[in-house]
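Same chain, two partners: chain A is paired with chain B first, then with chain C.
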Partner chain A sequence: MESRTLPKDRLDQLVDALIADYTVIAPKDERSYGEIESASEWRSDGDKPAQSLKQFFLPERELLVRYTKSRSGVELVEPPSPRSMARVILGARPCDVAALPVLDLVFQWDDEDSLYLERRESTAIIAMACDEPCTTCFCASLGGSPAGTEGADLLLTELDDAYHVAVVSERGRELVDRYSDLFEESSVEHERQRVQAQEASLAKLPRQVDIEGLDEVLEFENPVWETLTQQCLDCGICTFLCPTCHCFDIRDEGTPQQGERVRLWDACTFPSYTQAHAGQPRPVHYRRYRQRIMHKFRYYSENFGRTLCVGCGRCIEHCPVGIDLRQVLSQVRTG
Partner chain B sequence: MQQITSRIQEEARRLLSEDLVDMVIGYEEGWDPSTTTPCVVRDEAQVSRLIFDERCVYNLARYLVGREGYLTSRFVPADKRPRVALVARPATLRTVSVLIQEHQFGREDLVILGIVDGTASAVKPDVEVGQIEPDDARREETRARVGELAQMSASERWAFWREEFSKCIRCYACRQVCPFCYCEECIAEENRPQWIGRSPLPRNNISWNAIRAFHLVGRCVDCGECERVCPVDIPLSLINVKMVEEVAAVFDYVAGVDVEAAPALATFQVDDTDDFVR
Partner chain C sequence: MMTNIYKPYVMAIDSIRQETSDIKTFRLAFRDPAAQTDFRFKAGQFGVFSVFGQGEAPFGIANSPTRSEYIECSVKRVGKVTDALHELNEGDEVGFRGPYGRPFPIDQMEGRNLVFVGGGIGMAPLRSLLWNCLDRRDQFGDITVVYGARSVADLVYQQELQEWSARDDVEMVLTVDPGGEDERWSGEVGFVPTVLEKANPSPDNAMVITCGPPIMIKFVLVSLSKMGFAPEQIITTLEMKMKCGLGKCGRCNIGPAYVCKHGPVFSYEELMTLPEEY
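Moving on to the complex of A and B:
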């Protein structure tokens, strides 16, 4: 793969140049990624933020249309296209970035979801390889890696005195060309350091989980579901923090005369999810949890040929009661 | 701590083997070595899973109540509900006291394997399986932060909470982890009429968090679970502890120390100076 290096003392210059030209989003604090207005706002070390990148493509609340009813009829006003807003996401974790191609599959499946797809089109992604995986990370189980490039335009890897810059896509090349005075040609020594750094972080990955053939052994009728996660509280943490969970609800807010149609994140773990006139098809916990796992590791695979999980481990790290998806996956396998 | 684990296992084995309970709700090792997780042991042969140490923080009373709670489940007829033994930390003992006071279940419905720390609690364990140090440091720190907030002007305080609540993503983990949030249908889910806007907008988040706080007045025993689980680090204990202090000051009432007492907000006096209660 084509590559460059960026001397460490030029990183801030690159960030400032990007901020001058784009809306720049980067890890801001322990909680989330967010828009930064200066290089110092980027929290470039530390664990991944609690929230993934999902909110920048599928906002937790998204306006679909404003409506006003008058004597002459109903006036509908759509929100401006997100395409007009050019963004760069900086320092994104490879797992968060790998989640985007997974989401693309569903948002252009039976219908083109224009708001989502326009945000994707107008956003370049500069990922940063992880040097210290968390104890909950299992990206390698899902085909990813702490230095995974899937979904990224550029991937930075921290070396001794510079960042190695892998040019992953055409859009990535446009970025290095645009700021060409900041980048240098990559040397053999830099390449050696990159390989060493990436191998070192791979070696630090904790216990992984075997998902080979999981879609075939996951059975709806398996009695193990009933007691598998009886300690689960049915909150929305795992789904809301998950970079690939994408279920939403559509609601009208306002009055019959005037208001907004919005879509909001929803979670299959909520007892109210899928509640309809006929009642609740998944009234008890284990049925809701079974849906979550079956969707991620069987139904999604059947529809799209890949799992709805990138192994970021947020659902494990933030579960209020210590439920570990890796354990769940090994238990449904052994029954 | 090791001793507490042995005592819990010993008692669990006795209760299950003598068929005195159907299940023991306790703690076990998580898959990741840094964590533990709540567990339900129904079989004597599984008793060795039960552990206790400083990682075992969860308030297990949560599993007793609510729509799917073991003692109150709407999906299980009353005569089919399990006989439960519960490993109870000090805050869980206080929680159980309030739940009994609120008639969620009777004292006789539960065998309590209690870990005590000297904090007042109306309900005493059936078996005291150990003693731990009180979590004074956490509670002191919370009280100190409540004090700092009280020093702020109203507009500063409002700005503080507006900022904190703007982070809320409405995952409802605070509600789900709370043993006192056992309503069959939460006001946040009611939609005819819709009392609380479902969108995670600042105004709706303030409504949600304020209404939940009001519903806990005179009930919260400061187990700290809501603050612990919040994925966006909203300092929820500051509200609840403030309310605990207000209720103590105004009504001379502390939740969890007297099962016979009428809950502060469920009673009134005919000579109350506020006439709206009459």
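Moving on to the complex of A and C:
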């Protein structure tokens, strides 16, 4: 893969140059990624934020159409195209970035979701390889890596005195060309350091999960589901923090005269999700949890040939009652 | 430029027919004549209808593609959006997205005897297909319709039921649940599966299309099996809570199937491969 290096003392220059040209999103605090207005706002070290990148492509609340009723009838106004807003996401974690091509499959599925896809098209992604994986990370089990490049345009890896810059896509090349005076050719020594850094990080990954063939052994009728996660509070945190969960609701907010039709994040773990007048197919917790796991690790792969999980470990790290997806997956395999 | 797939057409309510105490049929016309011209659908497909300010809900399209100068939907009053729809008047405007979903396999039905088995408002998607077949009558074999409701007053499309009964190319069997008959009732009295068994249409070169309440479907399937119908000869529709109708929002996912995309029409053979979660 083509590469460059960026001397460490030029990182801030690059960030400032990007901020001058784009809306720049980067890890801002422990909680989330967010728009930064100066290089100092980028929290470039530390664990990944609690929230993934999902909200920048599938916002928690998104306007679909605005309606106004007048004497001449209903008038519908669409939101402005997200394409007009050129963005760069900086310092994104490889797991969060790898989640985006997974989500693309849903939003491109036959009927293209313009709101999502235009945001994807107008956003360049500069990922940053993880040097210190969290204790809950299991990206390598899902085909990812702390230095994974899937979904990224550029991948930065921190070396002794510079960042290694892997040019992953055409859009990544345009970026290094645009700011070519900041980048240098990559040397053999830089390449050696990159390999060393990435191997060191991989070696620090905690216990992984055996995903091999899981889609074939996951069984709907397995009695283990009923007792697997009885402590679950149905709070939905795992789904909201998950970079690949994408279930949503559509509602009208406003009066009959005027208002907005919006899409809102929803979760298959909520009873209301499938509660219909005709009935409730998942009235108890274990059925809803089973749906979540079956969807991620079996149904999704039947439809799209890959798993709806990137192993970021957020659902484990942030579960208020300590449910560990890695354990769940091994129990349903043996159960 | 991609289009916003969630932006509905604006439709004007052309007419409203009170079918039963809690079911109305709405006939909708596109406000934009160009949209009307371009609009195509097939029997069995559905749309997501909306009352602005109240929200969206999915309903099967109840008219035939052979009579598509408008869209009709029959709506039972059961919740927020359906309540709001029932409050509307002719001339009011609503939203419509669609058509969505996999239609009835009408090509497979050509040259075969057809048995329609409906219960209550389940007659709505069957009506679309039935008119479709009647408008191309010579392409199908015998047509039998078994339709029932709780009571005489709960039968939908009463005028059309009479019209179909009067035809000599349709075998019409109407029934009401025991106790649901009145003194003028000349049809059957009994539950749909029982009446279906009594009518006893032959499974030879036949297909059954059945829509109705889940409990009716369950026993209709038992009866059909007794009568010698194979799972691949039986076509039904699933109802599942839906939002987007486009395979994105995840809500109607049953096993690997999305009811909005892979359905709402399924053969019984296909249903048997899905987890019983509907």
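To be clear about the criterion, the second predicted complex is superposed on the first by the 335 of 335 C-alpha atoms of A that agree within 3 Å, B and C clash if a C-alpha of one lies under 4 Å from a C-alpha of the other, contacts with A are read in each partner's own complex, and residues count from 1 in each chain.
Basically, a contact is a pair of C-beta atoms (placed from the backbone, for glycine too) under 8 Å apart; a residue touches a chain by one contact, two chains touch by 3 or more.
Just so it is clear, the structure is predicted and the values come from calculations on it, not from any experiment.
**Q** With chain A superposed, do chain B and chain C clash or fit?
**A** fit
**Q** With the two complexes superposed on chain A, say which partner A:His285 touches: chain B (first), chain C (second), both, or neither.
**A** A:His285 contacts chain B only, not chain C.
**Q** On the A-aligned overlay, A:Arg251 touches which partner chain: chain B = first, chain C = second, or both, or neither?
**A** both
**Q** After lining up the shared chain so the two structures overlap, which partner does A:Ser187 touch, if you call chain B first and chain C second: first, second, both or neither?
**A** Neither: A:Ser187 stays clear of chain B and chain C.
**Q** Once the shared chain is lined up, is A:Gln196 touching chain B (first), chain C (second), both, or neither of them?
**A** After superposition on chain A, A:Gln196 lies in contact with neither partner.
**Q** Looking at A:Ser38 after the superposition, I want to know if it touches chain B, chain C, both of them or none. Which is it: first, second, both, neither?
**A** So A:Ser38 meets neither chain B nor chain C here.
**Q** On chain A, which partner's contacts cover more residues, chain B's or chain C's?
**A** In the superposed model, C touches more residues of chain A.
**Q** Using only C-alpha atoms, work out how near chain B sits to chain C after the chain A superposition, in angstrom.
**A** Superposition on chain A places chain B and chain C at a least C-alpha distance of 7 Å.
**Q** Give me the intersection of chain A's contacts with chain B and its contacts with chain C, in residue numbers.
**A** After superposing on chain A, chain A residues 249, 251 contact both chain B and chain C.
**Q** Which positions of chain A touch chain B when the two form their complex?
**A** 30-32, 50-51, 60-61, 135-136, 206, 227, 230-231, 233-237, 240-241, 249, 251, 253, 262, 264-265, 267, 270-272, 283-285, 316, 318, 320-324, 326-327
**Q** Spell out the residues on chain A that touch chain C in their complex, using ranges where they run on.
**A** 64-65, 67, 69, 73-74, 76, 78, 81, 106-107, 109-115, 117-118, 220, 246-252, 254-257, 259, 261, 263, 266, 268, 273-279, 281-282, 287, 291, 294-295, 298-299, 302-303
**Q** Which of the residues in chain C end up touching chain A in this complex?
**A** Per the touch definition, chain C meets chain A at residues 1-8, 10, 12, 31, 50-56, 78-79, 93, 95, 213-214, 239-241, 243-244, 246-251, 253-256, 261, 275, 277-278.
**Q** Which residues of chain B touch chain A in their complex?
**A** 30-40, 58, 62-63, 67-68, 75, 167, 169-173, 175-177, 189, 197-201, 225, 228-229, 231-233
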